[in-house]
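Down below is the structure, laid out as structure tokens.
Lettered A, B, C and D in written order, each chain numbered from 1.
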Amino acid sequence: MTTPRGRAAHRSPIPDHCFTQIQQRVGVADTDLMGIVHHSNYVRYFENGRLEYMRRRGLPYKLMVDRGMHMPVVELGIRYRRPASFDDLLCITTRIGALSRVTVRFDYDVSRIEPAADPRDKLLEGHVLLACVDGRNRPRALPDDFVEGLFAPEAAHS
Amino acid sequence: MTTPRGRAAHRSPIPDHCFTQIQQRVGVADTDLMGIVHHSNYVRYFENGRLEYMRRRGLPYKLMVDRGMHMPVVELGIRYRRPASFDDLLCITTRIGALSRVTVRFDYDVSRIEPAADPRDKLLEGHVLLACVDGRNRPRALPDDFVEGLFAPEAAHS
Amino acid sequence: MTTPRGRAAHRSPIPDHCFTQIQQRVGVADTDLMGIVHHSNYVRYFENGRLEYMRRRGLPYKLMVDRGMHMPVVELGIRYRRPASFDDLLCITTRIGALSRVTVRFDYDVSRIEPAADPRDKLLEGHVLLACVDGRNRPRALPDDFVEGLFAPEAAHS
Amino acid sequence: MTTPRGRAAHRSPIPDHCFTQIQQRVGVADTDLMGIVHHSNYVRYFENGRLEYMRRRGLPYKLMVDRGMHMPVVELGIRYRRPASFDDLLCITTRIGALSRVTVRFDYDVSRIEPAADPRDKLLEGHVLLACVDGRNRPRALPDDFVEGLFAPEAAHS
């Protein structure tokens, strides 16, 4: 109960500061013949969001890779509500949704910054569940320092 | 009740022939630093599957586009079970999962053909829900001939 | 000779301020099984670079689209010298290389910001030639205000 | 001069049978807001073409990877002549363009099969130069069996 691992697993609910926002500009390559962002591209936007979530907490995902560990996606869900268009500036919000010994769930929502919009107007929500594995694809407990990082507030960033 | 639309809407359950299988070879561009198919690429594989589903029933999606209609994805879900690797030959199975007046749900599973594998070993399952809209993004009933096509068996193909 | 068009066409050489630099962080999705950025992704980085080039000069490409014009790529060339890896922070430099009545060439080089590197170490160079066309894909002269924008220095940006 | 390596290096010109054609159907994800194939996607089509070139000669690229070797792209060039649209069926022709001790150049052209078109109407041409490297990114001579495979005719394929 006194280890970082124990503290993290029992912390409930997830602290309010456990979110990170990034901006994503929609390029031509992201659109399709409907003139909107192709639905597959949000999966990449989500990845950008959680990579930045970790980076701003001093534990970039690269550190996991350098230790021979990976966090493959084991579940993905998206509800698309409104389309985004070329040149829109989007806000991708990444939150910790849940944590187990081996897995972490990131919850997402996407809203539009430009053209000016009501920030409560969500374009879509989604979630991604990742599992920690070693180099042979066997489940591994999330490292303690990684769990601590997940629960930390953002450090200042440029 | 005697229209194609009525027949389709009330047909229950979905006929067993309502599936299409395509092969998908994993390219280098599809992999990531883990050496496996990046999870975002299955979304594209799914799209290939449902485009072929329609094409083999004589109603290619292009026909919808030419009529000024689109079928944006409104929901996406994937459960990843096992990774696929570079050069694997995959089988993408696309089935009709459900149909309403405006929406159609396609259910997917992905298995490995090469290297030789037990065909019951699923790599992943997923679903995509599409809604029929007009050029102004307003919901529209699925055209009758499209619904008939969805319920038809595959025509022979090369 | 007194029109903006004439001035632009005859301006020689291209002013030194005709460049824009953006940062590009390498995501997992950008890598391949070699653990490096897949060569196709630089084409997308280049696009991000030239979209920002125009945006910082007050004439976003969206303005062209809204006028019913497009600038399809008619030529692309890249010389890859060193690989980039996951999580690298890259600098994409976009310069005007040449201008004709209908076409504009953007020249690119990519260097690494993080991990810290000698900024003169280029990872790659490339160029993209774009042609101005109307909605029916017929060649059109680049609009005067667009040409002026291409030759302008960057406005301040956040 | 009597080794396979020597024979290959001196064979001139490249035999006429050194080409492979694959079909590529254009999906929605491949298009952009112009309604045409985004120029970056041809780079992926090219890769599909050369992977199939090797596979049909009994030396899949995976064999190189399994030996700890890679063939990163060191040069890429494309001339785009006509656009391709959603649902078009394209023919990607891959030819050996040149061979040195360490590098191989593949030359490409892309034509349209559907909608029915004059097969001589090229949509674009391009080339890719690859260099053989080991796991530490050091140049290595192309393996003899690989060179032999490059010069062989296609085996029958399904």
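To be clear about the criterion, a contact is a pair of C-beta atoms (placed from the backbone, for glycine too) under 8 Å apart; a residue touches a chain by one contact, two chains touch by 3 or more.
No experiment lies behind these values; they were computed from the predicted model shown.
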#### Entry: Far-end chain from chain B, centres as C-alpha averages
C
### Task
Decide which interface, B-D or A-B, involves more C-beta pairs in contact, and give its chain pair.
A-B
### Mean-CA-position distance for chain D and chain B (Å)
29
### Task
Between chain A and chain D, tell me the centre distance in angstrom, where each centre is the average of that chain's C-alpha atoms.
36
## Note on the structure
Shared-interface residues of chain D (touching two or more other chains) are 28-29, 33-34, 40, 43-44, 47, 65, 86
### Footprint of chain B on chain D - complex, ascending
25, 27-29, 43-44, 47-48, 51, 60-62, 65, 86-87
### Residue ranges of chain A touching chain D (in the complex, touch as defined)
28-29, 31-35, 38, 40, 86
### Query
Touching chain A in the complex: which residues of chain B?
33-34, 36, 39-40, 43-44, 47, 65, 70, 72-81, 83, 137
